[in-house]
Structure formats: C-alpha cells, structure tokens
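Two complexes, one shared chain (chain A), two partners (chain B, chain C).
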Partner chain A sequence: MPLSKIEGKSNAIFFMRWGLDMKRKAINGLQDFSFVLPALLIFVFVIIAPFISGIHIAFTDWNGINSTYHYVGLKNLISMFSDSEILNPFCNTIFFTVVTVIFINILGLLLAVALNTEFKGSNIIKTCIFMSMVVSLVLTSYMWVYVLNDFISPFFKIASPLSSPDTVMIGLCIMSIWKETGLAMVLYYAGLKTVPKDLLEAAEIDGANGIQKFFKITIPFLAPVITYCVILWLGLGLKQFDYSFVATNGGPGTSSMSMAMYIYKYEFPYYKAGYGQMVALVYLIFVLLITFLTTKALRKKEIEL
Partner chain B sequence: MNKKTTLKSKSLKYIKIIVLWLITLIFLFPFYIAILYAFKSPEEIAENPISFPTKLNLQNFVQAVHLPNYVSGFFNSVITAVIVVGIVVLVTSMASYMIVRKNNKLYNLLYYLFLFSILLPFQVIMYPMYSQLQFFHMINKLPTLIIVQTGILIGFYSFLYAGFIKTVPLELEEAARIDGCSKYGTFFRIVFPLLKPVTMTIVVLVFLASWNDFIVPMVFMQQQGVRTMPLIQFYLFGQYAQYVNVAFAAVILSMIPVLGLYFGLQKYIVNGITAGAIKG
Partner chain C sequence: MHYLVETGKLKALNDTVEGFKKKYPNVEVDVQGMSLDQYSNTLNMKISAGDMPDIIFGNPKSFADIVNSGNILDLTNQPFTSRVDQDAVKCAEVDGKVYGIPMDLMLSGVIYNKDIFAQNNIQIPKTYDEFIKVCETLKKNGVTPVAAGYKDMASVGGSFWCQLYGGALAQMPTMRADIMSGAKNPSDFPLIKQCLSQWRTINQYTDNALQVGVDRSEQELGSGKAAMIIIGSWAISSVRNYGPDTNLGAFLFPFFNDSSKNKMQYNTDDTWMISSKSSNQAAALAFFDYMTTTDAASTWATDVPAVSAITGAKAAKLDPILDDMNATLKSGAAYNALAETNFFGQSSSVWDNQMQAWQFSKDDVDTFLKSMDSAMANARTTGK
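Right after this comes the complex of A and B.
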C-alpha cells in the first residue's frame, strides 16, 4: 500500500475520532449543564425576565391596567427627584436601617459574650432569645402593636410610640430589634468559638485586662462575622416593607412609610406603574452602591485588624 | 486580697446572670401577651388588658378554627412550604455542585447572577412579575406561589450550598466515576448524602421562609381560597379588631408547626446559619 493511502486512512480515522470526541464533549457539556438548568429556568422566569421587562416599564407612563402606554423618556426620573414626598420614606428607611444595624449587632454581640462562659440555664436563655426568629414579620408586628399600645403605654404612663409621627419609627425599630437580635447573638456566639483560647490566656499572663483582651484579640477574630452581620441587616433594613405595612400601614399619616412601601403604593393602589418602577430601579442602584461600599470598607478594616 | 477579688467576680457573675434572665423575660413578653389574649374574653381585654383571664376561654380556639378559610389556609401554607423545600433543595444543590466543580466563566457568571438576586429588593420585580403572571393566567394559583417563592430563594441557598460543597473532597467522586458511575449517579449516590448537614439546615430555613412569607402571597394570592397563613392573619387583625382574642388564638395555633420545627431541629438551624457567616 502506498504511504499516502495509509496516511489518508489514518487521517480519516483521526477525523472520525475527532468527530466522536467532539460529540462526546458536547454530550458531556450538556449533561453538566443539565445540573444547573432547572434552577436557571425558574430563576429566569421569576427574577431575570421581570427584571428586564421592569427596565422597559420604567421609561413609560403605563398605569398598569390599560394596554396602551407611551414612552416618556426620563420624565419619571425627573418627577422622582422633584417629588418632595419621597424624602420622608427615604429618611425613614435610612433611620430604620442605621438604628437596627447598630442595636442588633451590639446587643447580639454583648449577649454572645455574656453567654460565652456557660452556666446553669445559659442554653435556656439562648433558646428563648433566639425563638423570635421563627415568628413571621406579620405576627411580630401585631404582637408588638398590642404590647406597645395596651401594655407599655398605660403601664409606664407614656404615649405609645406608634401613636405619634415623631416616635413611630422607633416603635418599628423595636420590633425589628426584638426579632433579629437572637440571630445576631447566635452568629456572634459561633464566631467567639473561633477565638483561640491560648491567645487569651497568654494576654492575661502579660497583664491585659478584660477590655483590652476584648478589643485587641476578640474583635479582630470576629471581624468576618461582623462584616457578614452588618451586610445582612443593612440589606434587610433597606428592603424593609412588612413592619411599615402591617404594624402602622405607613401611619400616622405617612410618617412611617418605607421606600419599599412607597414603591408598592405607586405600583398598585396609585396606578402609576411606570413611575413606581423607575423609583424601584433607582433604589436598587442605591442599595447595591451602599452594600458594595460598606462591604469594601469593612473588608479593608478586617485586613487592618 | 485574693479572696476579695473572687468575691467581687462572683457577685459580678450573679449580676450578669440576673440581667440576662431579665433580658430573656423582656424577649418572651410578646409571646406572653399573645397567649394571654388568646385565652381571654373580649370583655376581659376591654376591662384590663394585662390581668390574668378569670377562666380559660378555649372557646377562642374553637372559633379560630371555624374562621372562614382558616383550615384551607393552613393546608395551603403546609403544601406550599413542603413543595418549596423539596424543589429548592433539589435544584440548588444540583446547580451549586456543578458551579463549584466546573468553576469556569460561564458557571461563575451564573453564580454571580444568583448572588445578585440576594440583594435585589422584591419591589423591583414585583410589578413586572405581576403583569407577566397575569399574561400567563397564573394569578391566584398555588403553583404560582410555589414557583415564585422558589425563584426568590434560589440565590441565597445556592450560596449556602456552594460554600459547603467547596469543603467536600473530590477523591470519592473520582473513584465513583472510575467505577463507571454516571454523573447523575455520582451526584445522587455519593455527593448528595455528604451534604446532609447543610441540607437539614436548608430544609428548616426554607420552610420558615416560605411559611412566614407575606409579600409574595399578598401581591399574587389575594383570592380567598388560596390565601396562606400570614395573609389570613393580616386580614384577621384588620377585620376582627374587636375580636383580638380570636385572632390571637388563631395566631397561636399557626405558630405550633414552626415552634415544633424550631425546638426539634434547633441544632441544624444554628449550625447552618453560622457556617455561612464564619466562612465569610
């Protein structure tokens, strides 16, 4: 057989093999992809598709019912920045977020430190404080409405915080702090277990007092947990809807409305879907920016410590 | 000197324990009010909200069960929560497994999309989703609630699963592959059983998230027959303002499943949520 013919044959075999290989690779790839496909399909239907069509709605004057609408360009954006009423829900949300992030984290950390040395009943205390985590936001709101109005108010002879526009946000913060502190406590408690004991003992021999040990050793080891907790409650606070909607329905007046509720009001009861959607998108950018910057700042601190 | 310091630290320790118990009582107080109200008659509440009931009004609980849609709402909640748990566990464990093992651009992009949805406020997708569901005639149907809740939860639970799968060693899977096990076989027979600790946590957390979810049913499930528990509670307190006692009895009953879950599986809840935080 001439050499060229053998070469040709082996080439053919090579191409056949190559073809089979490609086919096998493709099947392999598809098989791998089939693992993510179910999640991806649901995700596209629930998150991606509405998100993209939401961008489209934001540039229209659609009222949400009619089948016709007009493109209005950036008009929604302009009316958003000229609406002075938006300032109130925005400030409420910021106030709520700042207060809850600070109190939940500090209270959670203090409780975790106090419970770190075990004593009789420490587990019962942990279980009781953590229990509010399983209660829905709706129930939390209602239980606290009655606690504040029927109990705290007459017992301490003070007006219920929910009755005045000046104090209503404090009332909502109390609800959130009650519900979330248990979770923070459990997270910090687990973080405290990662602090090496011999390091603390060494510091004690060197004459460090409790406060020094706490700030120089414990806090640096807790840094990743602190970052996680701050970001977690930052997100929850900025997205807060249920307390404002259920406990006070935004009232008295509109004094306890949150950004999420403001957007809801425009999209459903007020029939201004286009405008509501634009506010939602701008708010999303704000939430992403704040979260990103906070994460970056906290991670930088982590390294410094 | 030494004796003095031990005495001081001992009394400090007792003060600390007393303060902790006081805080615990404050935390339990709303539950106490709810239980108190559930056992009192409306007259007793009007007279003095915080006094003990003169007799146990079990009548409140009977009335609560007979409230319109209460029983069907309970079952709606149970069915939804159980199916959402099943789908989320199956779908996110498979997806995060492949995302972690592949670790290439395409799969990482997918992972970042999932993570992005954790930060996404629901209001951004609420309205467009409403019109999309209306287009498909899916409003007020239980399967819709299941799909929407699943989609919203995929992001966070992929994150939890991915973090755990990174710690599962590769050797076992390779051995199974050499023995001729298919990809699906390897995952379901070898990998998935290894994920049991994190799966248990996710079961509990997803059940709680679905059971307590308020805004999704409120937007998409307004019809009487398909309402879930949080929505029913919301309307109860609105409509039966003079029958707070019945409303609280209904609330206490609806808390029993989640409290049971909590006391039974507390260990898994704690382990799972802390695993996410400690690894960062």
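Right after this comes the complex of A and C.
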C-alpha cells in the first residue's frame, strides 16, 4: 500500500477516534450537566431572573407600591454616596463579618482537633455541638435574646450586650458563633481525616512537637477546607439580616442595623424601592469583589503551603 | 390584617367578627395577626405582591404613603362614617378625606398604683417638679418609681406620646409637618429639648428599662413592683392581666411647671381601613357598617376596654384607670395629637428610632439633637 494511502488511513482513523472521543466527552458532559440542571433551573428562576428584571428599578423613583415610576438616571447612586447614615450599617456588617469569620473558624478548628481523638462520649459531644446547626436563625435570635437579657444579665449582674449601642453587635456575633461553630467543627474534622497518619508519625520520629506537626503538616492539608470555610462565613457575614432584624430590629436605635437590613428598610417600610435597589446593586458588586479577592488570596496560599 | 396583641382588643375583634358572621353567615372572615414591628413590612410586601388584605388595621395618617398611592378606599361619603365622633374622625383624615374608621380613643397618662401612693403619703403631682419629687420619695422608700421597657418600641412610643404630644405639642402643633418638610429641625423646637432632658431625668427612676420590653414593664406595674408607668390606654388590658385587682388610677402627665399648660394627649386608637383594590369590597363595607352600630361598638368598647369613638356607643363599665383618663378628657385639659399631620413613612421610623436611641445614648442633649437633625434631614432627602 502506498505511504500516502497508509497516512490517509491513519489520519482517518485518528479523526474517527477524535470524533468518538469528543462525542463521548459531550455525552459525559451532558450527563454531568443533567445532575446540575434542576438546581440551576431553580437558581435561574428564583435568583437570576428576578435579579435581572429588577436591575432597572435602581434607576427609578419607584416607591414600591405605586403602579408607575419615572427614570431618574444616576440620582440614586449620587444619593447613596452622600448618605451619611449608610456608614453605620456598613461598619456593623464589616465588624460582624470579621469577628464571626475569625471566631467560627478558630473555634471550629480547635474543637475538631480536640475531638479528633476517640474517647468515651466524643460522639455525643460532637452531636451536641453540631445540634445548633438545626436551629433556625430566627429561633436562635429569640433564644439568645432571652438568654442574654433574662438569664445571663440578672444572674451574673452584668449588662446584657444587647442593651447598649456599644456592645449590641458583639451580642449578635455571639449568636452567630454559637450557631455556626458546629458546622465549622464538622468541616474541619472531615479535613483532619485527610491528613496522612504516616506523615505525622514520621514527623514525630524526626522530633517534631505537637505545634510543629500542626502548623507544618496539618494546616497545609487543611488549606482547601480553610479556603472553603472562610469564604462560606465571609458570605454569610456580609449578607447578615436575621439577627439584626429578629433579635434587635436594628436597635437600640439603629446601632445593630446591617447592610441587608438597611437595603430592606428602603425597599419596603421607607417606600424608596428605587434607592434601595441601587444600594443593593452597589453592595452586590462590593461583596463579589471581596469574595473574589479573598478566594484568590486563599487559593494562592493553598498552593504555597 | 392587624397587629393587636392586647387580650381585650383580641376579644373585641373576635366578638365583632362573630357578630358579623351571625348577621352574614355566608361571608367567610379570615383574620391575620402579627407583631407591630413586622406589620408595616408585611403589609408593604402584600401590596407589592398584589395580595392586599380587604380590611387593614392602622391609622391612615401613619400609613399616608399607602393612602397617597391609591391603595386605601375613601370612606368620606359612606353612611357609617357619620357615626364616628366628629373630633375623632379628623384623626383618620388625609388631605381632608376620611380613609379609616376609628373605634376608640387612645388616651395617654401616668397609670399609678393608688395604694403605693397612699402608703407613701403621696399626692398626685400637678407640675413636673412635683412629679420628680414623687419619684424621689418612692425611690427613697424602696419602690421602683417608674416602670419602662425601652427594648420595645411600644414602650418608647407610649412614653413620648404621653410626654411630648400633650401640652407640649399643643404649643407647637405643626412640629411634625415642619420637620418632615425641612422647614425646621428638631433642634429648633425648645420643647423637644425640654422633653428629652426631662425624659433622661425620669429614666433615673426606672429599673432595668434598657433590658426589658413593654410586657415586663406592664407586669411590674400590674404586680405592684413599680408605682407608675407613662403610657397609653392601649396598655390597660395587659396591665390588668398582671394585676386584675391592683388599685390603679391615672393622672395627667405634668410636662410643664405651669399646670395650666398641661394637657393630656388623646387621639384615636384602633382604626380600620379598607383596601381600594379589594375584590370583596361590598363585604368589607358591610363589616364596617356592622362594626359601627351602637351595639357592636359598645361591645368593642367594653371588651378593650376603651372610650368609644362611635357616637352613642360606650363601654358597659370602664376600668378605673380609664375613668380617670376620661375625666381628664372631659375636663378639657386634652389635646388631639392627630388633628395635625403625623410622621409617616421613613420619617416616622427614623423619629421612633431616634427616640429609642436617646434612651441608650450617653451624649448630652444638644449633641444628640444635632444627630437627630441629621437623621430627620436624611430621612427627608435620601432616595427622593
């Protein structure tokens, strides 16, 4: 057979195999996509579609109840940057996010490490710590209002943190830390199980102490979990609404109002939905930026470790 | 839809609904209640969603935004509107039209324990200085002078409606309209400064007011732990839950040292509106027609208990607290706090928040008034 015919046959076989490969990849891809499709459809109809259809409201003077409105261009954006009252909920939200991210992750990790060794009752303790996750945010708020105001305060003769504008955000942080630490513990516990025991034993033989093993071996293996957990609670903190709304209704005064609550107030009881929508849009961009930058930094750290 | 929580008012509503259902057995009535804090938000969401209730609890002046958006039915020319006392119906007007039917009057005052006063040889104070002296005496004798629960807006509102909206507001009747229009700031009104300063002094005679809610403060008075509470008549049924036999009465809060200037704040309390978009408007109008009959309105007034706003209707028996308040009303030393424009929308929310913030503030009154000016100006201009 002439060489050109052999080459031609080889090319044909190559392209046929390539075609079959692509077809198989496409089918696999579609199969994988079909598992994501239900959640994606819900996400599109419940989140994306209303979001897109509501963007234009940010450029109007709609009060939320009238059937008509007028376009006002960037007036709402200018109004937002000249509103001195927006600083308070913004600072509250940042404070809440920073404190809860730090404490939930540190406490969750410490609990996971402490409960990583098997002892009698360790499973019961793990269950008890995780149980806070099944309590709703609303019930958590009501419970802790009672605990802080009607139990801890009179029993220990100290002022409830919810009774002062200076400490009310600390009170809300306590609620969130209590509720979320259980999940952090579970995630870190699962992460700890991926740390190879032989590496730890080898390090011990080489003379490494507990702290050295933890920081040099355990933490690098936990890096992906740390990235996931920090981003998770970063997002939850930045969109915090329930504790502010249910536990304190933004009070005393407006000292515990969060950004989400600020936006809600303008959208509904203040009858300034156009302005509220603009604040929501700008805040969304801010949150996306923060989570993107944080994710990028943490992923880079994962690689370094 | 409503935000009634007091036992008496819930009974009044239930009796009215049952009475209406007996007259119109084919009409189904679905009653939905929620807390005051969530009421406005829920109502707005229902309006936005096109799911507005047929009958809405609330005063049109406080819901002026909803009225001005065309969502509330004009009741000016309805036959039952003329059954409301002429002075009371003004409280349900927006731009000269009647948008609500008030069932009873809300009177403010200092509810006090007569036995504690007698035991401590205390007379009813007629001036502010005398009031403070009474507080001093009670405190020295180990009695909590004033019960308050500023964790809840209801306690804050009950207190400033009583202190500021009586004789003081009578001296500055357009205060709220002036602040909302930007013509004046809160700091331009010396009587607002006086109210805040006096309120801070009175708070020295409360116990744990920053950590408890209105319910606990009502309990403290009803059970005899505290001697006085500065509040509105809407709280009477809750106070009585805690102290059905406590010997209680009420007196006019003395804002001024010149007793001739002191007036009791009154306005209408439980007011109902009809949605202009209601698909059951005929039934809603029939409900209002029934509700304002002398019998139904008298039952309402007896259950609450309250002074009826419907001409010819009255409670079978008034609580002694209300007897005292009613006597002050009839004496003429009273001011209708809803005769003029009331705060509404964001201004109302910000005003209430500022009043609550004052209870927790460590600022001096002038510094606080500056922040109040800024907050009220912001409410007027942001997003407009």
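The working rule: the second predicted complex is superposed on the first by the 260 of 305 C-alpha atoms of A that agree within 3 Å, B and C clash if a C-alpha of one lies under 4 Å from a C-alpha of the other, contacts with A are read in each partner's own complex, and residues count from 1 in each chain.
Keep in mind that, in the parts below, a residue touches a chain if its C-beta (ideal position, glycine included) is under 8 Å from a C-beta of that chain, and two chains touch if they have at least 3 such contacts.
The shown structure was predicted, so the numbers you read here are calculated from the model rather than taken from an experiment.
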Inset, instruction - Would you check which partner chain A:G64 touches, where first means chain B only, second means chain C only, and both and neither mean what they say? - result: both
Inset, instruction - May I ask you to decide whether A:S164 touches chain B, chain C, both, or neither, giving the answer as first, second, both or neither? - result: second
Inset, instruction - For A:P89, select first, second, both or neither according to whether it touches chain B, chain C, the two together, or no partner. - result: neither
Inset, instruction - Using the superposition on chain A described above, determine whether A:K239 touches chain B (first), chain C (second), both, or neither. - result: first
Legend entry - More chain A residues in contact - chain B or chain C: B
Inset, instruction - Have a look at where A:G253 lands relative to chain B and chain C in the superposition and call it first, second, both or neither. - result: second
Inset, instruction - Figure out whether A:Y271 sits in contact with chain B (first) or chain C (second), or with both, or with neither. - result: second
Inset, instruction - Answer with first, second, both or neither: which of chain B and chain C does A:N76 touch in the superposed model? - result: second
Inset, instruction - Give one of first, second, both or neither to describe whether A:S153 is in contact with chain B, with chain C, with both, or with none. - result: second
Legend entry - Set intersection of chain A contacts, chain C complex versus chain B complex: 64, 264, 268, 276
Inset, instruction - Note which residues of chain A are touching chain C in the complex, please. - result: 61, 63-66, 76, 79, 83-85, 149, 153, 159-160, 162-165, 249-255, 264-266, 268-272, 274-276
Legend entry - Of chain A, residues touching chain B in the complex: 31-33, 35-36, 38-40, 42-43, 45-51, 53-54, 57, 64, 111, 114-115, 119, 121-122, 124-125, 127-140, 142-144, 146-147, 150-151, 154-155, 178, 181-183, 186-187, 189-191, 194, 224-225, 227-229, 235, 238-239, 241-242, 246, 260, 263-264, 267-268, 273, 276-277, 280-281, 283-284, 287-288, 291
Legend entry - Residue numbers on chain C that touch chain A, as the complex places them: 37, 40-41, 44-45, 47-48, 65-66, 69-71, 150-151, 153, 210-212, 345-346, 349, 353-354, 356-357, 359-361, 374-375, 378-379, 381-384
Inset, instruction - In the complex, go through chain B and note every residue touching chain A. - result: 13, 16-17, 19-21, 23-24, 27-31, 33-34, 37, 49-50, 87, 90-92, 94-95, 97-99, 102, 107, 110, 113-114, 117-129, 131-132, 147-148, 150-152, 154-155, 158, 183, 187, 208, 211-215, 219, 229-230, 233-234, 237, 244, 247, 251, 255, 258-259, 261-263, 266, 269-270, 273-274, 276-278, 280
